[in-house]
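Read through the structure below, which is laid out as structure tokens, and then see the notes.
Per-chain residue numbering starts at 1, and chain names A, B, C and D are given in the order in which the chains are listed.
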Amino acid sequence: MKNSAILLLRCPDRKGLDAAIADFIYWHGGDILHFEQHQAGEERFYLARVEWDLEGFEFDLKDFPKWFAPIAEEFSIRWRITRSHYRPRVAILVSKYDHCLVDLLYRQRIGELACEIPLMISNHPDAKRHADFHDIPFHLIPVTKESKPEAERWQIELLRQNNIELVVLARYMQVLSREFIEQYPQQIINIHHSFLPAFVGAKPHQQAFDRGVKIIGATAHYVTEVLDDGPIIEQAVARISHRDTIEDLVQKGRDLEKVVLSRAVRWHIENRILLYGNKTVIFE
Amino acid sequence: MKNSAILLLRCPDRKGLDAAIADFIYWHGGDILHFEQHQAGEERFYLARVEWDLEGFEFDLKDFPKWFAPIAEEFSIRWRITRSHYRPRVAILVSKYDHCLVDLLYRQRIGELACEIPLMISNHPDAKRHADFHDIPFHLIPVTKESKPEAERWQIELLRQNNIELVVLARYMQVLSREFIEQYPQQIINIHHSFLPAFVGAKPHQQAFDRGVKIIGATAHYVTEVLDDGPIIEQAVARISHRDTIEDLVQKGRDLEKVVLSRAVRWHIENRILLYGNKTVIFE
Amino acid sequence: MKNSAILLLRCPDRKGLDAAIADFIYWHGGDILHFEQHQAGEERFYLARVEWDLEGFEFDLKDFPKWFAPIAEEFSIRWRITRSHYRPRVAILVSKYDHCLVDLLYRQRIGELACEIPLMISNHPDAKRHADFHDIPFHLIPVTKESKPEAERWQIELLRQNNIELVVLARYMQVLSREFIEQYPQQIINIHHSFLPAFVGAKPHQQAFDRGVKIIGATAHYVTEVLDDGPIIEQAVARISHRDTIEDLVQKGRDLEKVVLSRAVRWHIENRILLYGNKTVIFE
Amino acid sequence: MKNSAILLLRCPDRKGLDAAIADFIYWHGGDILHFEQHQAGEERFYLARVEWDLEGFEFDLKDFPKWFAPIAEEFSIRWRITRSHYRPRVAILVSKYDHCLVDLLYRQRIGELACEIPLMISNHPDAKRHADFHDIPFHLIPVTKESKPEAERWQIELLRQNNIELVVLARYMQVLSREFIEQYPQQIINIHHSFLPAFVGAKPHQQAFDRGVKIIGATAHYVTEVLDDGPIIEQAVARISHRDTIEDLVQKGRDLEKVVLSRAVRWHIENRILLYGNKTVIFE
């Protein structure tokens, strides 16, 4: 298995950027495997993802900040680096509907999602059997209107103790508070069971049914303070017809949600997502 | 080419409906080619489309109302009948963007759309060359805020003179008045360049671009008094990515709009669409 | 939950068929919920699926053959009847890849697949843990070239003992013998990981990769004596690009296979599939 | 409108390639707008597309070969350069079915296809009216089994006189000879009305209908000596059901063919296609 470094970069575009980055890696002995860049918007904001083989690379990645500092400063680059080997620590929050949960656990087990899942939290006891089957610590934290602040403190405490880097809301039916969200900026992914921005909020399948659309969707997005308004990571759709009942929509929706959420999680943990304003750039 | 009758029916469901309809056709010598029914909603409202061969059918279709009256009355059926041979008269209204227009004209010419197009109206002169190429009478009716009532009177006059049965808004950029719409209930089809109900109103591609969606769409719907709110007939979508500019969205959108609008028009002229509340039932 | 009867019919088309069937049900007190028919091919072979509410129906379904005999004889109808309540008995055969297996078990558990699964057979021990999790009897039957006849005898014995009505090959990697197949005509569903008829046989993902296709697929079909040649029940596809490795194809393929196979199984157990020659008619 | 250079490169991968290319452009004053590379296969064959702004670039592109020679030699790079302004000269060959032709002409007229179309050749007179409408020189060259060599000589003569760089077979129903094809390597694009490699050769819709597939497709590919076997550029698919007749397949196929062929042509004339073995790499 390859041992490579993945560097994500963001900065205003300037002549010579690609050359400066490629040169830096080359002169330090790195062999570039992938180089993808994008210049977003009319002002051509520069976003890039570079991956290089660490075989023969001449310094340790923990010294990267020091070595890269002059270039980062010259071009005002904000960057993040990881090793391809690194498996981020992911927590799953779930309520009663467990299709996304079961799907994520399966994909993680067979190696499709290269992450650790050291923590599952639910406000219902039902999901525990899946946690047990996959040997994942499970915490039941019931949430009522009154207990919510206390419940969130407990949740955040667990996330911290487990050094969680990504929180996945796998059909977790509670709205998180602003305080919670602010502690995990661009680190909480939610699945909404509609084609956003259509059918924001509660009961999107019922809304879709009532409006008589011919196609339904699902949307994975980063969670921000405004409900269902964060940067969209991935969407998928399925055709429906007048024959489909609400139950049919729910069933077709499940297949969409599983695929969309798992893809968003995979892109996140593989460091393929950069933000530009309220939009995502996905380096597939 | 087959010579058949197409009967559309709507009524509250009651035991024996299918039998009564199939019997009626059979006892009068009709050979049923297609029989499709749907029971909509929890109250099971009955909607059906029946097509039968007129070879050997024992009375002329102009006498159908008389013969069918007892059954229609017994079951409170609202119905509409046409011959498969019949080619409805369609008018196209268009502004500057002519991709849907050119597409509709081509499909009509090669026989994909079994209708007459005796009338084209535009508020711009550009489309005239296409009307000329296809030998379709063209009327230039400019529309300003002031002249709109007068323009609409002229338009309606033309529709009447030409016995128009369906008005297709092929990217016609003027909002029709309530008075206009009321005269053509469920007889005006519009194409909206978004996946409704997302991005209602002006500049849907810009709205989609700004929101950062990963999929764009197009929607054909019957025009009602509320903008972009009428019964949806057909929708289609296409994937986009961060690489796509507004111009790319517009281009991808054109392909969606052509397919979606032409499909809606075809289903309408082939008598495949029934309304139930604000929703369409499509008997494909 | 509704208590209804589902009748599937096949016969040469003749005037009066729809009327005869609808009448029969009506006169015996049945309230038709769905009536869908199709006339296949130029000779208009008649295929239909009728579902009616048994509330108020005047005889027991076990007497249906007797009562329906005159009509069946008159029109040379071959038919099959079941109650909507009935849950057919399904066996799953699986090898090492367990994504389809896990998917089917999950769907059955949450009620998406209305069947019993009293039997799982595998030539590898790995799947046993999933059988245990879902309390399904599991039989390990290793298969070598030499032991195959003996293994098949054992398999068939198990299928018989368990009164199995449908055999699902959920990525079961052994080719069944003609003798096995003949005992379960139109009762064995296989998933092939290509868009048939492209890439028949072994390693379809490798074949697709080598050919450089831009779209991959999966196909669920009834098993017949000729490999990968039986009637196609369902297919689905996904886009790929030059960036996708064989492993990416395998991963994207998994999502297709799960959806396609489960849909085929669902249509089969809901009595929605009729055969006409080597083709399927799906009454969705 | 931007004035940029587009450079396509192919060579065995070697450490420092990205740096060498980016450096070269930067040191000569070029501002890189897009840089996309791909390392194909296990041997990591390097393919790249670089676009840079010519504003401030210090030498004329006609001197590019001279300046780039040292790098090209060092890395054994095969390359091709064009200006974004350049509009390649395209000939369209067509027979009776004119949907792809009309579609291509429309897209060219509205600017979606940035090319010149100075030549149309057909073995039927029907397409002439479209050529006239778009002011494109039209040549009728009938082809019989006997006249084919003579017809091809005439065709090639016309292609030469018009300095044609790309030949588009827009449902041209004659098989080109090996001699013809060899003169335009990777410069002839064909549309085949099936999802290749399924249904090679004649009457693919009939083949698809007979096999009972649930999805049909269309494939644009470069023409090579082996029929329907050249590198695939683009494919698209559409669902069909048992209700669809051959005519329905043909109609649905038309929409696929138009989209697929026009996309392939656009990618070709925008220099987005590189070949690696018998496969295409598309830099979208």
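In the analysis below, a residue touches a chain if its C-beta (ideal position, glycine included) is under 8 Å from a C-beta of that chain, and two chains touch if they have at least 3 such contacts.
In this text, all values refer to a predicted model and were calculated from it rather than measured experimentally.
Homomeric contact subunit B/subunit C: same residue numbering on both sides for over half of the interface positions. Chain centres here are C-alpha means, and the one lying farthest from subunit B is A.
Note: centroid distance subunit A to subunit D, computed from Cα atoms, is 37 Å.
Work out the mean CA point of subunit C and of subunit D, and you get 42 Å between them. Residue positions 243 of subunit D each touch two or more of the other chains.
Taken in their complex, subunit C has these residues touching subunit A: 99, 102, 106, 110, 112, 133, 243, 251, 255, 259, 284.
On the side of subunit C, the complex with subunit B involves touching residues 15-19, 22-23, 25-27, 30-37, 39.
Listing the residues of subunit B that touch subunit A in their complex gives 38, 40, 195-199, 211-215, 217, 231-237, 241-243, 276-282.
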